[in-house]
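In what follows, subunit A forms one complex with subunit B and a second complex with subunit C.
So, the complex of A and B:
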C-alpha cells in the first residue's frame, strides 16, 4: 500500500466521520452558491428590466396613470388596454428636448388556445421603435410582416408555429429571449397586425376602441430625451403641452424595485455570510475532535517513519478530497433546486429574476468551489498543524 | 423479507413522492371553470402512473435476494426515471404560459425527483454489479 492512497482509504474506512465533514462542506457550498446564484439572478433581472424600459419617459392617457408602473407592466404583465389620440405623438415629437418618440398600442386576448389565460398584445412601430427593437433583433433579424407575431419566452411555442387569437390563427415569426419580467408573457406585433387583431376582435364582438378611430388611437408613447436636457423638465413640458396625459419617468418606475432588490440582496448576503461562518466554526471543531481521536493512528505512522510534513499532507489531502466532493455536491444540489424552480422563485419574490448567462454561471461555480474548498481546507489546517506537533513516544506509552 | 439497504428505502420514498406528490402537492393546473381539464392534467396522471409502477418495483426488491435481479430492476429504474422527467412538457405538452402552475411547480418537481431516482438507481446498479462480480470471483 502506498502512502499516497492512504487519504482515500482513511475516508472510505471511517464512513460516519467522513460523512459528517462531507455534509458540512455540502451545506457550506450550497449556501454560498445558492446565495450567489440568487443575487446574481436578481441583478441580471433588474438590468434586463432597465434595458427593456429603454425610454426615459412613458406617456400614457391620464386615466391610465395608475395602470402604468414597473410592477404592473413589467413585472406582472399588464393585460390591460387604454387609448389616447395618435395626434399626441406629433405634439410630443415637436417638444424641445425630445430626441425620439415611438408609439405602442396595447390590447389583450380573451384566452389563447387551451389554457384560460389572457395575453398582453403589444403593437409597436418598427420604424421609430427604440425599446423593443434591440431586444427583438437578438432573436429575429428579418422584417416583421403583417399578420406575424413575436411571442415572449414564457409563451409556449406550438409545433405549427401559430397562435389563435379572436378565432384567427397568427403566424409566429420568432420567440424572444427571456427578460425575467412580465414582458416574457406578452405577444408583440407591428401596428398593422395590431389593427388586424382589433378587427378580428371586433368581428366576434370584442371592441377595444371605436372601429372608426382604431387606427388613430395609441396606448403609450415611449420618449427618449436628448443629451443635455433634464428629464424632469421635459416630462413637465410634455404634461403641460399635451393635455389629458401623464408623463411617467422610467427612473421612478424602477427605483422601487431597485430599493426592494437592494434590501433583499443585503439579507441574502448577510445570511450567506452567517452560514459560511457557522460552517467554518463547526468544521474547525469537528476536525479538531477527529484529530484528537486519531492521535494513536498518527503516532503509529510517526513510529513507522512518516515525517511531520507527511502527516500534515495526509490530513490536508483527506480534507481536500472530502471538501471537493462535498462542494461539488452542494453546488449540484443548488443547481438542481434553483434552476428548474426559477420561475417559482421569481413569482414568490415579485422581483425581476433572470438566471445569468452560461459563462457567468461557470465563473460562479468555479468561484464558489474555490471558496468552499479553501474554507474546508483552512478549517483542517489547525488540526494538521496540531497533529504534526505530537510526540509519538508519549502517546504510545499512554496507550 | 430480505435485508433492506439504504438505497431501497430512498428509492421507495422517491417513487412514492413522485406518485403522490404529483397527485396531491405539486399537482398540475386545476380544472377550468367549466369543469374541463387542461392538457397538463394528463401529464400529471401519466407521472402518477409511473410513480406507482416504480413504487411497486421498489417494494418487490424488498423480497428479492438475487443481486442480478435487483440490478436488473435498478437498470429499469434508469429508463423509468428518464421517462418520468420527459413526460411533462415533452411527451405530453403542458399549458401555454410558462408561468402557470404546471410549468412552475409540477414540471420542476417531477424533473428534480426523476434526476434523484436516476442517480440513486445508477449508484445502486453499479454497486450491485460490482458486488455480484466480487461474489463470482
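So, the complex of A and C:
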C-alpha cells in the first residue's frame, strides 16, 4: 500500500459519501458536453445547409416563389414540384455577373402501390452542377448512368439495391452522406433519368409536366454570381430580363435559420452556464461538509506524520479521481441521449442538425472533460486548504 | 534522544467574566527521560493531553520551546516536523482513531505508507497485531471493531516504525483489566529497550509501571 492509493481506498471505503460528489460531477459534465454537442451539431447542420445550397441565387417560376425556402426542400424535405421553360437557363447564363448556372428538375414519388416510398426526386445536370455534385463525389466517384439513382442517407437502402417508382425499378448507384437537412430524404438522378421517371409516371396516369414538353421543362436554376458583382443587383437583373421568374437569394433563405440558431445557441449557453454555476456551488458545499465530517481522520493522519502538503494532495487526488469518473460518465450519458436520438432532436427543433466530425467530437470531449475536472477540483481546493491548516492536537482531544 | 520543554505554555481564547483567555498549560519546564516510562496523571480537563500534544509537535505553543536533542521542533518547517514525527514519534491518540476506509492491517501500516511502500512491513504489522492480541482481526474494517480493539490497533500502529518516543494518551481506555495490564507491560518493555514513553492517563494501575510520575492540575505540572 502506498499513500498514493489512499484516495481510491477512501473513495471506495465510503461509497455513499463519494456518490454525492460523483453525481454532481456527472450532472456538470452532462450539461456542459450535452450543450456543447447540441450547439456544435446545430452549427454543423447550418454549415451543411449553406454548402448544399451552394448557389448565390435560386431562380424559380414566379408562382412557385413561396415553395422554395430553406424550410421546405432543403430543411424539411417537403415534396414539391413546379416547372418553367428550359430556355430560361440560356437567358440567365447570358446575364452579366452570372458565373455559373445549373438546372434542377423536381418531382415526387407517390404514397401508393406504384412506389416503394413517397420521396422528393431531384434531377440535376452532373456536367454543370456545382451544388449537389461536390456532395455526390464524396460517396460516388463514377458517372451516373441513365436509370441509376442516388439516395439520401435517410432513405432505406434495400437489399437488392433498387427502389420502385411508378411501377418500375430503378438501380441505386450509391447512398449519399448525411447532411442534416431534408435532402437526406431525397433521391437524385441525372436529367435523362428524371425524364424517364416522368414518362413512367405518365404511363400510370401521374402527369407532372405535359408529356410534349417534359424534356423542355426545368424546376429551378442554381446561379453562382461572379466575384465582384453584387448578388442583389444580379438577382434584380435576372427578374427583369427573365419573365415570370423569381430570383431568391440563398442568404435570405438561411438568415432566418441562422437567427433561430443564434437565439437557441444563446439559450443553450445560458442554461449550461447556470447549471455549471449551480453545480460548482453545490460541489463546494458538499466538499466542505465532507471535509468537516472527516476532520478527525485528517487529524489522525497529521499525528502519523502526514504534512499539510500531503493532506492537500490527498484531498485534491480524491477530488480528481471522483470528478474524472463523474465527468466521463456524464459525457457518456450525453452521448447516449443525443447520438442515437439526433433525428428526433432535429425534428423537435425544426433546424438543420448534423453531428460534428469524429475529430471535432474528440476535441469537444477533451475540452469538456478538462472544464468539468477543473471545476470539480476547484470546488475542493478551498476545503483542501482548510483541512491542511487543522490543529490536529485540538481535534483529536475534542474527539 | 532527549525531549525537553522550556517555559512552554498554552492558552485558548475563551472569554469569561474575569479573563479573555483560558490557560490550559501554565508556563512549565519538562524533560522526558530516555529508557523510562513517564506518567502524567490528573483530573479530566487538567491539561495533560494538551501538554502531550504540545510535546509531540502537534499543538502550537504560546511561549517557550520544545527541544529534541537541542533541535527546536517548532522552528522546523511543516514538512520537516511531519517527517520527524513520522520517523521518531509514535502517538497513541485518545478515543477512536481508526481510518475507516482501511482494514486493521492497513491502518497499522498507514504511517509507513505516508512516506514509503508497506511491502516490507507487513510481517512486522502482523506481529504487532499479535502482540496486542488482535491478529485475527487483520482484515476487519474499523466498523467491525469494539472500542478496545480499536485502541489496541492504534497502539500497534504507533509502534510500526519503531519510534524513539511514544506518546500515549489514555491508551488503556475501553480496555478490560487483563488488556490494560498487557498494554502497560508492553509500554514498560518498550521503555526498557531504551525508548522514551510519555503516558497520560488517569488509570490507577499505571503507577506500577511508571518510572516517573507527574501530576497535572489546572495547567500546573508537579512531580510526585
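Keep this in mind: the second predicted complex is superposed on the first by the 390 of 399 C-alpha atoms of A that agree within 3 Å, B and C clash if a C-alpha of one lies under 4 Å from a C-alpha of the other, contacts with A are read in each partner's own complex, and residues count from 1 in each chain.
One rule holds for everything that comes next: a contact is a pair of C-beta atoms (placed from the backbone, for glycine too) under 8 Å apart; a residue touches a chain by one contact, two chains touch by 3 or more.
The model shown is predicted, which means the values in this text are computed figures rather than measured ones.
Visitor: I'd like to know which partner A:155 touches here: subunit B for first, subunit C for second, both or neither.
Guide: The answer is first: A:155 touches subunit B but not subunit C.
Visitor: Can A:374 be said to touch subunit B (first), subunit C (second), both, or neither?
Guide: Neither partner.
Visitor: Considering only touches as defined above, state whether A:204 meets subunit B (first), subunit C (second), both or neither.
Guide: Touch status of A:204: no partner.
Visitor: In the overlay, answer first, second, both or neither for which of subunit B and subunit C A:362 touches.
Guide: neither
Visitor: Just to be sure I read the superposition right, which of the two partners does A:347 touch: subunit B = first, subunit C = second, or both, or neither?
Guide: The first partner, subunit B, only.
Visitor: Given the touch rule stated above, what does A:285 touch, subunit B (first), subunit C (second), both, or neither?
Guide: Neither partner.
Visitor: Give the label of whichever partner, subunit B or subunit C, reaches more residues of subunit A.
Guide: Touching more residues of subunit A than the other partner does is C.
Visitor: For A:271, select first, second, both or neither according to whether it touches subunit B, subunit C, the two together, or no partner.
Guide: A:271: touches no partner chain.
Visitor: Applying the touch criterion given at the start, work out whether A:12 contacts subunit B, subunit C, both or neither, answering first, second, both or neither.
Guide: In the superposition, A:12 touches subunit C alone.
Visitor: So which bits of subunit A does subunit B touch that subunit C touches too?
Guide: After superposing on chain A, no subunit A residue contacts both subunit B and subunit C.
Visitor: Can you list the subunit C residues touching subunit A in their complex?
Guide: Going through subunit C, the ones touching subunit A are 49-50, 53-54, 56, 58-60, 78-79, 82-87, 89, 91, 93-95, 97-102, 106, 109-111, 113-118, 157, 169.
Visitor: In the complex of these two chains, what residues of subunit A are touching subunit C?
Guide: 1-3, 5-6, 9-10, 12-14, 296-297, 300-310, 391-394, 396-397, 399
Visitor: What does subunit B use to touch subunit A in their complex?
Guide: Listed in rising order, the residues are 29, 32-33, 38-39, 93-100, 103-105, 107-108, 111-112, 115.
Visitor: Which residues of subunit A touch subunit B once you look at their complex with the stated criterion?
Guide: 112-117, 119, 153-156, 184-185, 336-337, 340-341, 343-344, 347
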